[in-house]
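Below, each structure is written out as structure tokens.
In the two complexes that follow, chain A is the common piece, with chain B as its partner first and chain C second.
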Partner chain A sequence: MSTTAGDAGTASDRRPGRLIGTILRRTLGFVLTLAVTFIGLTAVTFFISRLTNIDPVLAVVGDKATQAAYDQAFLALGLDQPLPMQYLIYLKRLVTGDFGMSVLTSRPVLTDLMRVFPATFELATIATIIGVLVGVPAGVLAAARKGRWPDHVIRVVGLFGYSVPVFWLGLVGLFVFYGKLGWVSGTGRLDVFFNGIVTTRTGVILIDSAIEGNWEIFGNAISHLILPASILGYFSLAYIARMTRSFMIDQLSQEYVTAARIKGNSYWGAVWRHAFPNIMVPLITVIGLSYASLLEGAVLTETVFAWPGLGLYITRALFNSDMNAVLGGTVLVGAVFITVNLVSDLLYKLFDPRLRST
Partner chain B sequence: MLKALKYALLAATLASSMPLAAYAATPADTLVIAKQIDDLISLDPAEAYELSGIEVLANAYDRIMRFEPTDVNTLVGGVAESVTVSDDGRTFTFKIRAGQTFASGNPITAADAAFSLQRVIKLEKTPVFLLSQLGWSKDNVDTMVTAPDASTLVVTIGVDFAPSLVYALLGSVVGSVVDSKLAMEHETDGDFGYAWLKTNSAGSGAYVVRSWTPNESVVLEANPNYRGGAANLKRVILQHVPEASAQRLLLEKGDVDIARNLTPDQIAAIAGNADIKVTSIPEALLYYVGLNQNTKELQDPRVRQALRYLVDYDGMANSFLKGSAQVHQSFWATGFWASYDENPYTFDPAKAKELLAAAGYPDGFSLDLDAPNFAPFTNLAQTVQATFAEGGVKVNIVSSEMAPMLTKYRARGHQALMVYWGPDYMDPHTNADGFVTNTDNTDAATGGKPLAWRNSWDSPELTAMTAAAAKERDEATRKQMYIDLQKKVLDEGPYIIRFQSTSQRAERANVEGFVQGSSSDIVYYNLTTK
Partner chain C sequence: MTDPLLTVDNLEVTFPGRTGVTRAVRNASFTLGRERLGVVGESGSGKTTMGRALLGLLPHSATVTAKTLSYAGRDLLACSERDWQQLRGRRMSMVMQDPKYSLNPVRTVGQQIGETCRLHLGSDRRDARRRTLAMLEAVQIRDPELVHDLHPHQLSGGMGQRVMIAMMLIAEPDLLIADEPTSALDVTVQNEVLRILDDLVRKRGMGLIMISHNLTMVSSFCDRVLIMYGGRIVEECAARDLGNARHPYTRALVAATPSLDVRRAELATVVRDPEWLA
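Moving on, here comes the complex of A and B:
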């Protein structure tokens, strides 16, 4: 990943043969990073989980089990093996795509993740789109009008979004827009009686319903999605706007902006065409990180909106010591971060002006 | 069918002109219930032991004995029509109703009933203790539970238990009669259909489990073959809504018909709403504090009594618990056969101080109190901390998640610990056994870790009394024995039993006939109309 800066702008990238080589090299690097990160992630999660004072057998058998039922579950979970052995067994199964069974859902963890992640993905993606579409222009405007009223307004609105508990915001949002005004639908991803009508292909309801051309369900999904996504979007918006503002202030004080103005550019022309492209790389990092952290799942938002996503899933698994689910969820979050980082890396190349000289 | 449904929905939605305003009334043939169902971890009657799971199973399976939806106070034959007991009280011969079928269409026979009981023992999941206490084990269950012909189920028990206790056990969730043919069609690795039944149903109850999506919903569809006649509403959807405020909004908007987990303040807030009605149901759940006898100060019975005088029962019941609990101090809840309803302890710091002084603690002592870190336990713990202080007992609250707390409890690592207890079946033996029986007070004991053991309370005399009560075949004598036991535990026991819970259900005004008894075993959807 860290080779980006070194590679940027070298002549080798511009020749197709070399380009393929670069892509291969990157892919290999990605896989290696993935492997190393996963081993680290699983090891840390695994051993920490075993150090907690929670009895994982209780998650399976409950509080009233007899010793015999308890022992049976103990063996079934492989807890009689020494700790390093348990870890190796787990890794071995993981490599074959077997994340084990979740004791809380009675289903394979992989099936669970394939169900809950699309819900989170849908929410996080729309939230990030809102965050970017509103946050970036707001940040640019604040920087361009630094110290004047637009800056103050944007900062106050941003600060509010940043500091108000999302839990409260969610409930108030539900109360006003669903309860009072009736503009949006209530909790969940769809009205209950719409469930199970659209075939699950990707698990992302917006995509699945669009594939089938079922715009009724598409609309229903949007009306369920818009409120939680806006609230999460408000959060990422506040962060993105703040970062955009400070990046832009930095750029706008540079001499090249003055030069651009002298050359006859309008003020906004200088801002958008000259200064803005220069903040793309740090901005992508900020957006990527914000997106990735939303993809981890937003426990509080998911709770308020009864959104069956990854955050709720992992949290509940943690509290109940459902270790296969915790480990599976952690591996997925790890994969998400690595993927988002990789995509950010690729985007740097696309947006770095030094690459555009050809 | 789905297609028809789809078009019907389409038409209905088109008719309402604003697509985003999503005016909501639930479909006329569907009951939508908002409820926290994240405790549901299995739908196999040999394994399910969580409240939501038991409730679903009560609707999906008929049991050998059961409480009918039309009369939730009387235990009667379910799949069985009648029963005779041998003179020695050890052999029960059940006659199975003729001409009954499962939802699948398979006939219900005695062999299905025997299969159902046997698989509980053989699978050895959590609820196995309900049946294993009848003296059944993997080795003998095939001879002790038999079906000599299609309409006769013969159950032999290896212990002396009163018939009423045996019926109560066969009327609990493990008495659910599983369609053996259907289950065995889905058997893998000799699991009696366990893997499949975890997420599907094979019963003859009023409903069939159509789908269960963890943390999302359970969808039930009416079983036309049900013995009591097809259910009034074709579908029931249990929708997982973790946040109580959201449940309230959904109910107010009419997006759900019933909300099951509203908090007392929300119930108060909707009191004026003519579209919503609220019903309170006393439940068998008890809120108590366990006092571990391996803590030196707690070994003196006078100290335990003093602590019982240091709880502000009425203060709590009339404030933050209002509507969700009522004062109850003995181990078997009010409203059940053989309950003891006197509440002799009141908040009396002066008396408590006297008792503490007599026990040698005039200045009190300090005590660690474990409590779960969620409502109402956080409030309960803080209130207890404040009132104990009036007797000089300095409480240090140890707040944690349920799972680690239970782990600690089961290892007897606490001093005092606050939690709840629900009965396993509708007979006082379940709680007597839990609160009193302790046959081996060593750390290495291999029993089910009953509450008496967890609190290191060794009372051979009361343990013997509990065993005797379980055997007593005369109903009136048996009842008196439980009342005596409760009085004894109230005096000497290592518990401060304070409240019994009440459940509050809020529903749309048009909803009628939802049957909700005092436990999850007796919640029935099939008579509901709207």
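Moving on, here comes the complex of A and C:
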């Protein structure tokens, strides 16, 4: 990296040939990272699932099957092969999108995942948006007013979000806002009589109904979504606000913030225009991790709100030794984490010039 | 000297502490015209605190009182936050110690210098760019177009400090406080940066307060010198008269300055007299 202006941003960097080379190299690196991480992830989940004391054959044929039926299924599942071979077969199937059949739902796992993941995605995304829109300004405000009443209020509210169990908050929320006040709809993603009207394109009801212009269903989906999303959002808000606060306190004591004020910036101008852009990298990390953990599925929230999401699906699969479904779900969660991390990495470079160009 | 730029009479800055009040600046009085005033003192003598008090930028916990604290006839103690925003950067400004910390790492040189124009001169993007390039040239940066789009981490210390000077002087303030502007720089570039600063201050006829602990540097660049000790101004004299200083602390400081002409095995040490603080 260049240190002085003399050779900084050297002209050769700007030559188009070099640029294309750089982009190619980066893309290749990106794909390679993705592949290696994925192989590692599937290997670990696959071998753990085979090491557990669950007979995958019994899960398929049931415990009343004859020996002949058992043997047939044993061969059909490829369990006579050595373990590494089984893993390769599994990998090959994964690449073609074949996650196997779910014993519990008797449908392909992929179909199941494509049904449950959008529900979780919808919930997690809205919750994260709430968490960021409220949590970040709250954290900045708390840092800027450190030790005074806005800071104390935000910390107490945040601590409450941290410590109250989500199922309790969910039930109380349903009782008050649905049962007593009737401001929101109850459990599930839609009222019963709206089910199946909108064609499933993405599986995200908000998007599907918007595409068809069916605003009645859109509104109904929102009124179902708002309570669980707010409750999940409250948790990520508490975390995001707390981290934002500590990142900002760190930056606000820096000299360049004082310099910004000497130039004639207002206090808040210095806070938002100068200190805030400097916390983007750690903040993106925090938001990314919080988002990814919500995308894993929030079992408790999904249970309380009868939300047919990923968390509930994987949990049920686990209780029923439905190993294909568990594996499929785990691979999906892994893929989500990898994607979120890669996107964070790209965003770092966008926000911090020191991380660009090596 | 005509109408003074800055009048400071009986300035006191105190910080509350666990063991009682700390008096960081005590009974400081001086006036400043369009001249170069050096403020010298050891660490903790209150010179930086005094500089920041003049810009109204002390932490909330600090208490600032004065019989008079006025800038060009304007009472600084009565300034609202909004008044301060119009004063800072436009009328009075400050060059800080280390460009590594005083420039915003994620914004380009052009954005940071241009911001001063936008805040005070009502510049649009294009005008800010034009002025910034001219200002970069004024602080003797060879390739302004290139430097305009660089980030602070791509600059050397000397370049960074020149960018800092450009950022603080572009709105043409009348008073500049330079708080140890060269102590973070390599000795080789210190003189260069000082020369640029001195040049701009002279050309524009500004008032300069040069805060430093380098007695030699201050006495060669300034017209007048204030010596601070333990929060108070113990001596004020013309720079060339430092040799005839009256206060024992000043005399001890001057005696402790190494010289190329006189070989000495051991430099003199300052022997402190508790009387000085009384």
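One rule holds for everything that comes next: the second predicted complex is superposed on the first by the 298 of 358 C-alpha atoms of A that agree within 3 Å, B and C clash if a C-alpha of one lies under 4 Å from a C-alpha of the other, contacts with A are read in each partner's own complex, and residues count from 1 in each chain.
Everything that follows uses one rule, which is that a contact is a pair of C-beta atoms (placed from the backbone, for glycine too) under 8 Å apart; a residue touches a chain by one contact, two chains touch by 3 or more.
Only a predicted model underlies this, so the values are computations on that prediction, with no experimental measurement involved.
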For this session: Mind working out whether A:Thr258 is in touch with chain B, chain C, both or neither, as first, second, both or neither?
Result: second
Exercise. For A:Ala76, is the partner it touches chain B (first), chain C (second), both, or none of the two (neither)?
Worked result: neither
Problem set entry | chain B or chain C, by number of chain A residues touched | B
Exercise. Regarding the shared-chain residue A:Ser266, is it in contact with chain B (first), chain C (second), both, or neither?
Worked result: second
Exercise. Which partner does A:Phe351 contact after superposing on A: first (chain B), second (chain C), both, neither?
Worked result: second
Exercise. With the two structures laid over each other on chain A, which partner does A:Ile48 touch: chain B (first), chain C (second), both, or neither?
Worked result: neither
Exercise. In the superposed arrangement, does A:Leu32 touch chain B (first), chain C (second), both or neither?
Worked result: neither
Problem set entry | Residues of chain A that lie at the interface with chain B and also at the interface with chain C | none
For this session: Quick one: which bits of chain A touch chain B in the complex? Just the residue numbers, please.
Result: 52-55, 58-59, 61-69, 72, 103-107, 112, 115, 171, 174-175, 178-179, 182-188, 191-197, 216, 219-220, 223, 303-306, 308, 312-313, 316, 319-321
Seminar exercise, completed: Residue positions on chain A within touch of chain C in the complex are 2-5, 8-9, 254-256, 258-267, 273-274, 277-278, 280, 351-354
Seminar exercise, completed: In their shared complex, chain A is touched by residues of chain C numbered 55, 57, 81, 85-90, 93-94, 96-98, 101-108, 115-116, 119-120, 141, 143, 146-147, 149-151, 153-156, 159, 164, 167-168, 171
Exercise. How about chain B: which of its residues touch chain A in the complex?
Worked result: 2, 5-6, 9-10, 13, 19-24, 26-27, 30, 32, 38, 41-42, 49-50, 124-126, 128-129, 132, 198-199, 211, 213-217, 219, 237, 239-243, 245-246, 249-250, 252-253, 255, 401-404, 406-408, 410, 424, 446-449
